[in-house]
Structures are given as C-alpha cells and as structure tokens.
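Report on the following structure.
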Amino acid sequence: MSEAPNYIVKGATGDWEIVVGLEVHAQVTAKAKLFSGASTEFGAEPNAQVSLVDAAMPGMLPVINGECVRQAVRTGLAIDAQINKWSRFDRKNYFYPDLPQGYQISQLYHPIVGEGHLDIELDDGTKKRIGIERIHLEQDAGKSVHDLHPSMSYVDLNRCGCALMEIVSRPDIRSPAEAGAYVAGLRQLLRYVGSCDGNMDEGSMRADVNVSVRKAGQPFGTRTETKNVNSVRFIMQAVEHEARRQVDLIESGGTVIQETRLFDPGSSTTRAMRGKEDAHDYRYFPDPDLLPLVFDDAFIAQCRGSLPELPAAKRARYESTLGLSPYLAAVLSAEKETADWFETALAATAAKVGQPVTEVALRVANFISSDLFGALKKLGKEIGDSPVSPDALAELLALAADGTLSGPLVKQVFEAMLETGEGAASIVEQRGLKQVSDTGAIDAAIQTVMDANPNKVAEYRSGKDKLFGFFVGQVMRAMAGKAAPGVVNDRLKALLEV
Amino acid sequence: MSVDSQTVRKIARLARIAVTDDEVPGLVEQLNGILGWVEQLGEVDTKGVEPMASVMPGNMRWREDVVTDGGIQDKVLANAPDAASGFFAVPKVIE
Amino acid sequence: MSALTDLSLAEMKAGLDARQFSAVELAQAHLDAMAANRHLNAFIVETPELALTQAKAVDDGTRSGPLAGIPLGIKDLFAVEGVQTTAGSNILKGFVPRYESSVTANLLRDGAVFLGKLNMDEFAMGSSNETSAFGRVISPWKAKGSDAELVPGGSSGGSAAAVSARLCAGATGTDTGGSIRQPAAFVGIAGIKPTYGRASRWGTIAFASSLDQAGPMARTVTDCALMLTSMCGFDAKDSTSLDIPVPDYAAGLTGGMKGKRVGIPAEYRLDGMDPEIAALWDQGIALLKAEGAEIVSVSLPHTKYALPTYYIVAPAEASSNLARYDGVRYGNRVTPAGGNVHDMYAATRAAGFGKEVKRRIMIGTYVLSAGFYDAYYTQAQKVRALIARDFEAAFEKCDVLLTPTAPSPAFAFGAKADPLAMYLNDVFTVPASLAGLPAMSVPAGLSASGLPLGLQIIGRPLDEMGVLDAGLAIERAAGFSTRP
C-alpha cells in the first residue's frame, strides 16, 4: 500500500507530525442489555428500561447475553483479528452518578478479540492499514442531564448496561483525514456485519480521540484524550484542533499534560474537563460475579459462516467480475442495504432479460446510481423505503431491453412507478406507452412532418445532412416519444432519400 | 511498603470516604498493621502458579437475547433519596 | 407454650404434620419468645404480621412444602421483599427491597414462616457482632460464675443468638470466611456453609463475591440438612450458581462413618493453641474413630497464608462491591453545604459506613491500586490457588477433614479491640472458604468455663452429604445437650 503524504502542522519552530489513536465505542446490536434483560431500545421514558441489576440494587448479579458475545466475535473476524477463546471480565472502579455499580464491567486483561486491522482509503485514493489492538466488551453508562434543574443533575439509567464494543486502534493514524476515513470505514464495516447500527447521533458510535504531536523522527509526545466525540466530522475537527493547540502550547514554552478533554461542537475546539477529579486509578480486577468467557472453534466457525461479504471484497468483485467503474463499485457497496438492493435487482433483471448478470450489471448499476438515487434524494427516502422494489426495477429494465420502451419512455414509466407504486408493465399497458415499431404508423407520421416542412425537405435533399436530427425529433414528438428510434431512423432515411 | 498520612488521604479519596484530620493517624497505624501482616504472602513461591480465576471450575453460561426485564420505573426509584420526573437527582455534576 | 420453641425443626415438622399444634401456634410461641428476649438484640426487624399471615396460610392449606409452618429468622443480608433490609449498616437504614432474594424465595416456596430480620456485623464484616449499626447482639450464654455479656460470634451473630435462645427453629446465615461456622460454635448450634455455588447469591447483599455463601444455622445437624436442601439449588440469575441437582440431604443422612477416612491437617495444630481446643479436637478424633472412621494425617502446607490471603481478597472485592452505596439510588444521603456530587459521596459513605467497613474498603482500595495490584491481589489469588491445591491433594487421602471451628470459646465485648486479633478468629474457617469447600460446625463440648465449643468438618466440593454425615456422627457421639 502506498504511504499517504504526511500531514504536517506548521509551527514557528518547524513542522510537526501528529499521532492519533482512536478508541471507538460501538453499541452492540442486541435486544437486551449485556448483563440484564432490560431493553436496549433508544428513546424510552427515563429509567423505564432499567432492571434492578442495571440500577445496582443490593445483591443484584450480572448474567451475560450470548448475542453480545457472538456479535463481538463476528466483528473481530471482520477485522481479521485474533479471537480469544478464553477471555474474562474485569471491573473498572470509579464513582460517577451514571455508574450505579461504582464500577464498569469491562475487559482489561483478557479481551475477547485481539489484534486485527482495518484498511482505509483517503479521498485521493491513497490506502493505508490501521492496526487494531483489541476489541473488548463492556457496559455502557447511564446519562446525566444537567439542564433540567438549576442545582441538580438528573440521572437516567436507560442506556446503562447496554453492551459496547470498545475498538481500540493502534496509534497509526497521522492526519484528521485518516481519522475520518478510519471511523467511516469502521462504521461501514460494523453496519455490514450487523453488530452495530452506527447511528452516531443516537450515540451508538462515539470515539475517544487520543492525540499527540512530535517533530519528525522523535518519540511519541504526551497525549490527550478527547472523550465521546460523536460524528466523523467532529472527530476530524477534534484531531485538527487538538494538534494545533498542542503545537502552539509547546512552542510557547508550555507542556502538554496527559488529560481528559471534551469536544465542543459549537466552536470545534476541545477543552479540559472542568470537574476533573484526582488522577484516575481504576483498580481493575477480575469480576468475581462472573466466570471466564469460553467458547470453541465450532462457535467461531459458526460466527464466521454468518458473516456477509464484507465491503472491501464486495467492491473489488463489483469492479473485477461485474466490470463496474471504481466509482460505481464504491457507491453501490457503500452500504450493505444498497449493495443488497443492487444485487437483488441485478439478479432479477438478468433473469427477466435472459442474460448473464455480467451483461446487465452496468445498466442496472447506472440506473440505480443515477435515476433511483436521484429520485430517492428528491423524496427524502432511504433505499430501504424505496417505492420501487428491486423486482419492479428489473421489470422496467427488461421492458427497455426487449425494445418495448425507448430511453425517454423508461424515464417516463419510472416516474409513474414512483408515483403510483404500480409495476412497469401495467403502467405501459394502462397509459399505452408501448414503443411503436409499426412502419405504417411511423411512415404516416414521417409524411405529416415532411408535408409540414417542405423547405427543410428540400434543403436536406440538396445536401444539408445535419437536418436529419431535426426530422427525428419532429417525428418522435409527433408520436409522443413512443416510436422505436431504430425504425424511425430507417424509415426517415428511406422516405427522405426518395 | 508502608502507608503515610498522605497515602491514607489518597486512598480515602479514591474510596470516596471522607476522613477527618483526627481519624488519619489511627488509620495510618491500623492500615500499616494489616498491610504489614498480609505482606508475609510475599514469601510464598508462586512462580508458575496461575491466579485463581474461578472458585468452582466451569465456564460462563450465556443468556438468550430476550427482553425479560425493565418497565419498572417505580421499583427502580422506590428507595431514591431524591428523584424527580422519573430521574434520580444528584447535586449538579460539572463536566 | 414455651415447650414448642424447644423442639427441633424436625420435631416441629412432625408435630405440624400430625396436627399436634398449628403453624400459627408455633409462630406465636416464637414471637412471644422474641418479645421476651429483646435484650439480646438478635432481631433488627420483627415481622409478626408477616409471620402470622404465612402461618395461617399453612394452617389453611394454601401454603405447603417441606418446611411448611417452620418459623425461621432471616439474616439481614438477604433481601426480603417489602421488609427493611440493611446488612446491619446505617447506609441502608430504611431500605425496603422490592425483590426477594433467591434463597429466601426458596424457603418461602417450601412453606417457611419468616419471623424477622436478624442482626449481624455490618456488611458481614466482623466476628463478634460488634460492628452492627443496630447495636451489638448479646449471646444467650454466660461463662460459669460470670455475669459478663459475651459475643455471639459473627457475622451471623443475630442468627446464632436467636437459634440458640430458641427464638426461631433455624436461621439463614452467610459465610464469607467463617460467618456461619464461628458463631454456630460460639453458641452451641450447628451451621453449614455449602460448596461455593450451591446457594444462589442473587438478592443477598454482597460482601466478597468469590467467597460469600449462604447456609443454614439450626440446633441439630438434621435441621441444617432440612434447611440446606431448601436453600440450595441452581439459579440462572447467578452466573456462579452450580447447575447440579441438590440431593435431599435430610433423607440421605445416616451419620455412618464406617470406612470413611477422616483427615487431620497437621498445620491446624497451631503453636500456642488453646489446650481446651486441642483437647476438644482430640476428643472429636477419638469419637469418629470409635464410630468406625479411619483417621489419617494430612498436610495443608499453605494454611498459615490463608488468613493474609483472605484479608487481601475479601477487602478488595468488598471495596468494589460496596461502591454502589453512594446515596444516589437508595440509602441515606448526606450532602455537605455547597458540596459537589463527589463531596456528597464522601460524606454519605463516611456517615453511612462503620469503622470496620471503612477500614476494609480502604485496605481493598489500596491493594487494588496502581503499583500494588500485582504484589498484593495477584499474589493473593496465586496463593489462593495453592491453598485450593493443598485441599485437593489432601482429599486424595481422606473423605472429610476434621478441625476445630474457632481458636477459642466466645469472648467478652471489647476483648478483641485490635482488628488483627479479631481476624484471627477465623483462622480455621477461612481456608475452606478460599477453596469454596463445604464446611460445617457442630457443637462438640464445653470449655472449662462452660461455654460451647465446636468442631469443623470440611468436605470435598459438592460433598455436603459427607460433611453432614460426619457432623451427625459427632453430634450423636458427643451428645451435646447443654443449652444457655
């Protein structure tokens, strides 16, 4: 893979390089919480999705949700990581009102997933491999609301105990753009795997951004950790601002201290946490309420078997096997839902047309990426709620392939399909939009046009070939676009040449 | 290793237990007494010994991913020293 | 009807079955005894209405089961729905759980009648019941020729005093390092801690999760067996619960020792051992030998490290388990004027926890803190593995182990003011706790001062039956019948 050109922060004393590592917290897709049977659904009344276990009532005990284990393993396999058949949960001890137990159940010493990696691609096409140190399972905390009362904070434990995967990258990231590409790529992968919905505005995915700066060739500088940044753009801004701040600080004679910071989306800056407590000492130790988490190769194989084709593989296949351009391949594989939609429509079209998928792929791909995406954008809909189904699209494209519909008619019928939700064939039938190839009708139309434009006929016949296009347009208009273009061409030539 | 008054204050802070100045000397003495006594474990040769991972041998059972709990806001809040509008209330937290 | 309270649990069961008396009469007899013995301070909460309602339902035939109508006391560590549950701590004063612990739910399923919540050392940390926020429990026993009040042992001191004083037929206890066995020995009753994982910990307030086990305390081994069968059983809500069927212990009990090998661990014969204790132990050995057991000498080389190991592991777990008592969701909150939320935590916990609890939280916090974790906690868990290994090796040579339960008879209040002196009470009980083994104490004799002394039987994992059988053999042979 080619090295990306180094991102540089220009300082008064020279160029600085930045070093970034990301800890992404991704909420695991599961109905119930990691250690309790309460629901994980977003948006309920405060404390309505809280069990006595989540509220850490005296004597309550955790019992693990197997689905969360499965999702973590599947995610690990998707980043080519080592899967640890023996792992264990540790308690991370600290006090905070949204942490009822006074500890978070997490995995420090023996995480479920070991080393893996994610390959990213920047806008300029440069590719880079980002190392992933580990993925561990842990509990999410609750939420404190600070603006409902002048002197009190309010605590809602609904999110408390939801399963998170903490995906820890190596400090391999060297620019805001790489940070953005990494998070976007990770989000895409998790959504493909189905282990996290990636809804960043609902907090399903958020990153702790570790940034340090150094002069080229120097060892790592002291890093700061900016907590819970919840959009790709904000993550890039946090990296950029924090790097600049550190360079300015060092160059003005200060020192970077290892601290926890917060990102302020309003000003795109970071600031030290005000309620900063004494240096953290989390006193990790194995959770004695839980036994080791153990599974076998058969379980891993089952997880592997349940993985879909992953985005990188899919994109490569679209290019090499289906012959799509890199652009189309990227667009159609960006989201699993889009890719699934495309592949369903592709298979259906090929079947209806009676040609191999490789023959029709480009047509289907082009139609989806231009016409369908355009229409969905106008309607403000996702591909999942498209008013036209993949099958219906296949029917439309088949009518184009067999000559029933001309290019303009295809667009017309598609519009009607979007409006009415009806199938292409029935719209063609009802509205009489079938392409006309009958020479009698076409000849009659040509004659009418010729009769109405005697001067143009004469000009054409005297050698002004360019007028041929004019006659085609007139005839098509006369026939309301339904005439088969090939027949019109042939007949026009014959009749004008007489 | 022995603890001094500064260490005792630091531990008390970590454990979120307020200690008065009067209490510190006594705690220094008691903690040192206990820690000095448990330190005899250092003399046991534990090379190659795995720390006990679970008391009884066995692996963890897994729950099915089914919603079986929740919807008990009243029970959750029943013993709260301060609650309002379905939330637990605490003195303002500044981030 | 004071005679009713003198019956053993098994006799009460038979009497109820034969309708010699009603469950309400039986409950009332105990409630009367409780009222007459309030000076013992055994109960934190008495639940006469609950008891009579439950008893009436037994008499009506709407409640039944193997323990139908049996009046029990419940250690205040078990959540009983709708009844204040405090773990003997100020921080939980007024806490009323909206849930039932699995152990008490099992007892209710089997028809038991709950007389109230029993006093205990705060959060089960103590061996004398002097740390309770609800005042000390007084043993019903007095030394010969002395009027000094004695400790009932701890932490299940309320349970021990109540059973011994005939305020209940039996009681639940919990044992983390000896909290069932040592108080049972101090008051001349029987008590068994089952194998770790036999009794569910769900709904029982945690002290040290890897050590805590519930078990019964009663006046006879058979009574313990009856309660144990009911209290134990697989519980999907506790990840450490063993999914292994629980035998009917009372039905299987024979007391037969023929062909059984009884191990005597050499390392338990401590330097400077109280000669009375040594004599009692020798007497126990002789009794079992007379019953047909083969006596074998075994070695548990890491015995002397058990207590220091325990006093790292248990406080470490406790420091974390007790972090939830922060005044946010339940319990008593103290907010200093102008203080932030962290000041609230510190003030709440300073006011809510007693001295011993604070001490252990601080020890636990220290041994887990950065830079010390490996030297203390990891080393302790390694030594713990060695201690468990010692037992495994010993059980290749014998079926059960016989040891004294406690190094001394009950002592007077304030006699062990130094924490370390107090911790030494558990020197014989802690090793089995660390290894998760079933162990019981049975009354086996009296000290020269006329105070009860107990012998401990330790069994292989899951061999509660073997432990109970040896206990019954000692009970029969020793013929302990003295009462306070």
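We call the chains A, B and C, going by the order they appear; numbering starts again at 1 in every chain.
We adopt the following convention: contacts are C-beta pairs under 8 Å (C-beta built on N, C-alpha and C of every residue); 3 or more make two chains touch, one makes a residue touch a chain.
Predicted, not measured: the structure shown is a model, and the values here were computed from it.
Of the two interfaces, A-C and B-C, the higher number of touching C-beta pairs belongs to B-C.
The chain with its Cα centre farthest from the Cα centre of subunit B is A.
Subunit B has its Cα centroid 41 Å from the Cα centroid of subunit A.
One finds 57 Å separating the Cα centroids of subunit A and subunit C. Per-chain Cα centroids separate subunit B from subunit C by 23 Å. Taken residue by residue, subunit A touches two or more other chains at 52, 55, 63-64, 95, 97, 153, 155, 275, 281, 283, 290-291, whereas all remaining positions touch fewer. Multi-chain contact residues of subunit B, defined as those touching 2 or more other chains: 13-14, 16, 54, 58, 60-61, 63, 72, 75-76, 82, 88, 90-94. Taken residue by residue, subunit C touches two or more other chains at 95, 98-99, 210, 236, 239-240, 319, 323, 326, 328-330, 340-342, 345, 365, 369, whereas all remaining positions touch fewer.
Residues of subunit A touching subunit C in their complex: 52, 55-64, 91, 93, 95, 97, 100-103, 153, 155, 275, 277, 281, 283-285, 288-291. Contact residues on subunit C toward subunit A in their complex (touch as defined above): 78-79, 85, 87, 92, 95, 97-99, 101, 201-206, 208-210, 236-240, 316-317, 319-320, 322-324, 326, 328-330, 340-342, 345, 365, 368-370, 373, 377.
Of all residues in subunit B, only 1, 3, 7-8, 11-19, 27, 30-31, 33-35, 37-42, 44, 46, 49-52, 54-56, 58, 60-61, 63, 72, 75-76, 78-82, 88, 90-94 touch subunit C in the complex they form. Of all residues in subunit B, only 10, 13-14, 16, 53-54, 58-73, 75-77, 82, 84-95 touch subunit A in the complex they form. Note for the complex: subunit A touches subunit B at residues 30-32, 36-39, 45-53, 55, 63-69, 88, 95-97, 144-146, 148-149, 151-157, 262, 273-275, 278, 281, 283, 286, 290-294.
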